[in-house]
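Next up: the structures, one after another.
There are two complexes below, and they share subunit A, which is joined by subunit B in the first and by subunit C in the second.
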Partner chain A sequence: MTADFAFKSLLLLPVIAFPFIYLIGRASVRLSTRNTGTQRNPAKWIALFVMLLLVMPLVIVVKQFTAQGPFSTFIGSIELKMDGVGILMSIVVVLMSLAVVLFSDHYMSHEVGEEKYYALLVCMTGMVMGMVTSTDLFNLWVWFEAMAITPYILVAFYHDRAPALEAGVKYLFQSAAGTMLVLFGIILVFMHTGSLCLGGSCAIEIPKEPALVVAGLLFITGFGVKAALVPMHTWLPDAHSQAPSGVSAILSGVVIEAALIAMIRALDMISPVFTNAGTFLIILSVGNIILGNLLALRQTQVKRMLAFSSISHMGYIVLGIGITMSYGLINGAQGSFFHIVTHALMKGLSFMIVGALMHAYGNSKGDAHAPLEISDLNGVASRFPGLAFALSIGLLSLAGIPPLAGFMSKWQIFVAGFETGNPAMIGVVIFAALNSVLSLAYYAPLINRMYRQKPTPYLAKAGRIAFSMNMVFFALGILIIVVGVMPGTWNWLTNPAAQIIQKAFWGG
Partner chain B sequence: MTLTFPDLVLIAVMALFGIGLYALLTIRNLIRIIVALQVLVKGVILLIILAGYLTNQIGMAQSMALTVIVADTIVAVLGMALAVQIMRKKKSLDTSDIAELKR
Partner chain C sequence: MDAIFSYLVSSTIGLPWLGSLVLVILARANEKTQHWIAFLFSLLSTICAISLISFNGPAAVIFPGGGVFGDISLMADGLGIMLSVIATGIGCISILFSTAYMKGEKQLSRYYSLMLFFIGAMVGLVLSSNLFYTFVFWEITAVCSYALISFYNDDPKAVRGGMKAFIITQLGGVGLLVGSLILYGTLHTLHIPTIMLKLTNIPPGVLSLAGFGFLIAAVAKSAQVPLHTWLPDAMEAPTPISALIHAATMVNAGVYLLARFYPAFYTVPGWKDAIIMIGAITAILSAIMAATAYDLKRVLAYSTISQLAYMVYAVGVGDIFASQFHLLSHALFKALLFLAAGAVIHSIGTRDMRLMGGLGRKMPFVRSMFIIGALGLAGIPFFNGFWSKDAILAAGFSHGPMWAYLIMLITTGITAYYTTRCVWMVFLGEPRTEIHPHPVSPVMKASLFILSIGTLTSWGMGGRLAEFFEHSLPFHHFHPLSIAERFAEVFTFPMTYGTLLVIATGMVVYLYIKRVRGVVHDFRGIIQFAENGLGFDALNAVVSQVTIYTAEALRYTQTGVLNWNIFGMLLGMIAMLGLIEMGGL
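On to the complex of A and B.
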């Protein structure tokens, strides 16, 4: 298989496969219920097969990238370019989707519309990879919109539950308005430059027009809705807490970060005119960090708390990117990209374990979708010791306790802040570090409850955790520890990605 | 000062976009919010065509406008579907009746 073919199949395989997953799943459910009276749904096996199949082209693409650097392919006349950022996001999204599909094997079994879930999940994977590799501003928007449509349906997946519908509606309207603001900005750029070419591959003259600054602000606002930048974050806690847990994991670990990547790509193009985009991002990141932390403190549902913690982690990622955009230091963006990887791992792990517990409590509470309250974690370690340990690793890593992965990536961002030598910037970094300590105030009680409190009566009657779930938790937990102990092993991935940001805003 | 043709179109774009955005922020009925979103999108589509006219790339602008119409229709359909489900569940389309998730 050549690298070019591998790249094409990486993008096209999910797009071609997803209608078949739905149709075959649907047909099989109807036929099996009519003929035998029992439901047989092969959708998850096809989805798993497709995801495993995706790993092969991904490996070839990664090999080609490490050997010869960025390369392009053409689908029709559309150019797609696999660069450092593209390869990082592709690896993260394929890894997370594979984990989520494995996890959902038991979690989603016998849900109505299971085939829809898997089809949309596979579709979303393809859309994220397409978006991060597009080289044209309008194409970027089309992939972005396509990537945004799948989560609308997935968030409102339990469409007989009023809270899920409410979350879906909030998500849909806010993010649809956001994408329209983005489109407005894109057209302003098109109007004043006559081109939509991204990433400096075609030299175009950027005129010094104030309209382009407006376009930049529209990009920050519009993409900011999807990336959950405060004050455009209000959809996130509802959407992430009401979606099926596998979807929460992937929304929190991949989709909001992908929206941030899209924002940076769009800001790349107008960077000669809109020079203080980095300052805007740093200011927004401060809001994200503090608001996410303060609101997480007062939550009583675990998934909602994790959702608010996503907002504050988004703040750290944006802070690092902002440092590179304003000061040209590579460490900032490198730390951010590293944090994208580690955040996907640890938030994915935490959301999925909470999902597994919700599923296990389903029998005893009589409602499989009842939200997991913080008090439900009491004494979990006595019944599920492995699970409690894995969740503790995830939470401690989110809080940034060394030597776990979350600490290493945050540390790199903070180092970049100190390297700037700017007193205001150092102040921001110290503030972010203090917030990282503050976040322990809501992570630590969960761990305390799991190990030191008396179990609730529900726990004794809770169902067992499936082997496929435990396998995923084990793999992700090991990855978090390994990445934390050997952070340098990820430089081959994060360094080229950060160089792209540095080059785009500082010309080398 | 005389208004040229692009100026007039730009005024129309701004009016549509402004009405849409204002309506999105103030209206509380789900179906009307979808209509407000449509008004906003129509403004953007008009701007696309204007941009194509000004940069002499009308063919490209038209294909972009068509793509936007398709993407926007999907969003509108999904919004309607959610509105129907909410109507069945809550017997109301008012967003303040629906909101029960706390901040």
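On to the complex of A and C.
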């Protein structure tokens, strides 16, 4: 398989496969219930097959990239370019989707509309990869919107539950408002430059128009909605807590980060005019860090708490990228990309374990979708010691406890902040570090509860955790530890991605 | 030679960690197996640590890392080796003690694996020569400490104590983080010896930020005022944990950090003065609190804070050797005191000293051991505490400000006072309640005995220790003295007799006050205030209440009304436009 073909199949395979997953799944359910009275749903197997199949082109693309650097392919006349950022996001999204598909095997079985779930999941994977590789503003926007359609439906997957529906609608409306702003921004850019191409691939003169600064602000606000930047974040807690846990993992670990990538790509185009973009991002990141932490502090539902923690982690990611945009130091963006990887691992792990517990409590609580309250964690370790340990790893890593992965990426971001030598920047980093301590105040009590000796009444009657789930948790847990112990081994992935940002805003 | 050395260093950290892993895997094995596996691994690592002593001079092992994280490098010099021997040795004895103390407890594998994990991390902390990994190990010890304090997870007090310890030490950890980051930002290296060599390249502002950052970290970790409040609350941990982590090892990490970086920061204006001030204030305040507490373990905890303050003070006056010498003495006699207290608590089931009294007749062996530890703590001649405390006071007298010296001198009197009070209330006098102690097991007695031998003899190593420091720490300066020279110096120095007089006064005052109840009554208010932690706990409560209140208030911003959400978005947009318009950015 040539690299070009691999690249094309990486993008097209999910797009082609997803309608089939739905149709075959739907047809099989219909036929099997009519003929045998029992439901048979092959959707998950097809989805798993597609995801596994995706790994092969991904490996080839990664090999090509590491050997020869960025390369392009054309679908029709549309150019798609696999650069450092694209590689990193593709790896993260394929890895996470694969984990989620495996996890959902048991979690989603016998849900109504299971085939819809898998079809949309696979679709979303393809769209994320398309978006991060697009080379012009118009296609970026199209891929971005296409990527965003799937989460609306997935968030409202349990559409007979009012809170889920409400969350989906809120997400949809806020995103729609954001989309309008982005569209205005694109119009402004096109009006004043007559071009839409990104990444400096076609040398165009960017006029010193103040309107372009406004376009930049529209990009920050518009994409910022989906990237959950404060004050555009208000949809996130509902959406992440109401979605099926696998979807929460993907939303939190991949989708909001992808939106940030889209924002940076768009800002890249007008960087010669809008030189303060980095400063804006740094200011926004401070808001994210503190608000996410303080709001998480008093939550009583675990998934909602994790959702707020996503807001604060988004702050760390934005902070690093902002530093690179403002000061041209590579460590900032490199740390941020590293944090995207580690955050996906640890937030994915935490959300999925919480989902597994919700599922296990399904029998004893009489409602498989009842939210997991913090008190439900009491004594979990006595029944599921491995699960409790894995969740502790995930939570401690989120809290930035060394030597786990989450600390390493934060450290790299902090290093960049100090390398600027700017007192204000150092102040921001100290603030971020103090917030990391604050976050312990909500992560640590969860761990305490799991190791209590008096369990909840539900625990004894809880179902067992499926092998496929445990396998996923084990793999992610080990990855968090390994990445943490050997942080330097990820430079090959994060460095090229960070160079893209550095080059875009500082001309290499 | 290098190969052996690198194996030894790695296994001093690796063996306890391996043991920790084994115990996690064997979580369902029978109790006895778990006790002895834990002991075996800690014993092996102790042997490794002790054999490191034979490697004279600094030597290093490096595992390649990369980029901003630096290489994982371990360096065994005098400071590091002494603290590793203390960590593994006292760890081993505490585990031996635990085999009897924790008999029949649930979730033993969690207990032992965390304890072994802690020992490994503590050794890593003192042997690491990469500032980044120093921080990593620093935080791991904090995690273990937190998890072990809240070992009895169903007890809300234990959970609260664990959280408090974790958050306060993490808060201090930010200081170390900031210090390391700023050093890296300027020098682009994290290797400690390289940093020491390049000190002249660091601008003074950066150096003082790093110095004070490290100081904050040390204050939190070594429980100095005003960040000391976590240590008394940490006494909810099982007693062997208090002996190991909260008396003999982890709390020394702060002093270690100051001692290690003394050559780098002593020129920073105000750094030494700040240390002296913190040391002196902490020493006297915590001694006063120790003198009024009624919980046996809290008395010991406050006394730990006070003794750590002596070590901090010694760093401030520039005598690193005296500080480390006292660290060694304190580790031994305080571990002895804690374990003896543990034996008492284990056999009578309470920690309240008002319910004890006259226990000496029922458990004479524990009484003798406790008294040996107490004499060391009070600084009575020929016990190890006397020598090291005297070295600190002598250094303070000749190199430090007089007011601080006087405070430290008065504190020795208060120390003698509360030590006498503690011994009296627990072991001597008439029994105050009907208590039928369970017999103390031979394993417990054995571990106490080993520590008491240490308390009686460790001072004899002073000369060797100073020599060892002298030739393995190139950036510090020491004046090694042999035993005979030290004898001569101590007993020809007039203030030694002054100190002894103060100590004797402290003891006598207690015996006198006991008779005159009225005196106690007159100071009711002050005593009440001291019992409540001199208002520092209230301060903590205020901080946490304010945080919770802010968080609660912020929840109103999450209205759940879509109109407001979209309005928020537009508000953000408008705010950014406003910033641009005003030309602020």
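Keep in mind that, in the parts below, the second predicted complex is superposed on the first by the 507 of 508 C-alpha atoms of A that agree within 3 Å, B and C clash if a C-alpha of one lies under 4 Å from a C-alpha of the other, contacts with A are read in each partner's own complex, and residues count from 1 in each chain.
By definition in this document, contacts are C-beta pairs under 8 Å (C-beta built on N, C-alpha and C of every residue); 3 or more make two chains touch, one makes a residue touch a chain.
Only a predicted model underlies this, so the values are computations on that prediction, with no experimental measurement involved.
Annotation for subunit A, partner touching more residues between subunit B and subunit C: C. When the shared chain is aligned, subunit C comes close enough to touch A:Q412, but subunit B does not. With both structures placed on the common chain, the touch criterion links A:I206 to neither subunit B nor subunit C.
Touch criterion not met for A:I24: it reaches neither subunit B nor subunit C. In the superposition on chain A, A:K454 contacts subunit C only, with no contact to subunit B. Of the two partner chains placed by the overlay, only subunit B lies in contact with A:Y152; subunit C stays clear of it.
Residue contacts after overlaying the shared chain place A:I374 against neither subunit B nor subunit C. In the superposition on chain A, contact of A:F280 is made with subunit C only, not with subunit B.
When the two complexes are overlaid on their common chain A, residue A:F184 makes contact with subunit B while staying clear of subunit C.
Within the superposed three-chain model, A:G194 lies in touch with subunit B and out of touch with subunit C [touch as defined at top]. Shared contact residues of subunit A with subunit B and subunit C: 169, 173, 177, 234, 237-238, 295.
Of all residues in subunit A, those touching subunit C in their complex are 169-170, 173-174, 177-178, 181, 213-214, 217-218, 220-221, 224-225, 229-232, 234-235, 237-238, 276, 279-280, 291, 294-295, 297-298, 331, 385, 389, 396, 401-403, 407-408, 411-412, 414-415, 417-419, 421, 426, 429-430, 433-434, 436-438, 440-441, 444-445, 448-449, 451-454, 486-489, 491. Note for the complex: subunit A touches subunit B at residues 138, 142, 145-146, 149, 152-153, 156, 159-160, 162-163, 165-169, 172-173, 176-177, 180, 183-184, 187-188, 190-191, 194, 234, 237-238, 241-242, 295.
Note for the complex: subunit B touches subunit A at residues 17, 21, 24, 30, 33, 37, 40-41, 44, 47-48, 50-51, 54-55, 57, 64, 67-68, 71, 74-75, 78-79, 82-83, 85-86, 89-90, 95, 98-101, 103.
Listed in rising order, the residues of subunit C touching subunit A in the complex are 24, 27, 64-69, 106-107, 110, 132, 135-136, 139-140, 143, 146, 150, 153-154, 159, 162-163, 166-167, 170-171, 173-174, 177-178, 181-182, 184-186, 547-548, 550-552, 554-555, 557-560, 562, 564-566, 568-569, 571-573, 576-577, 579-580, 585.
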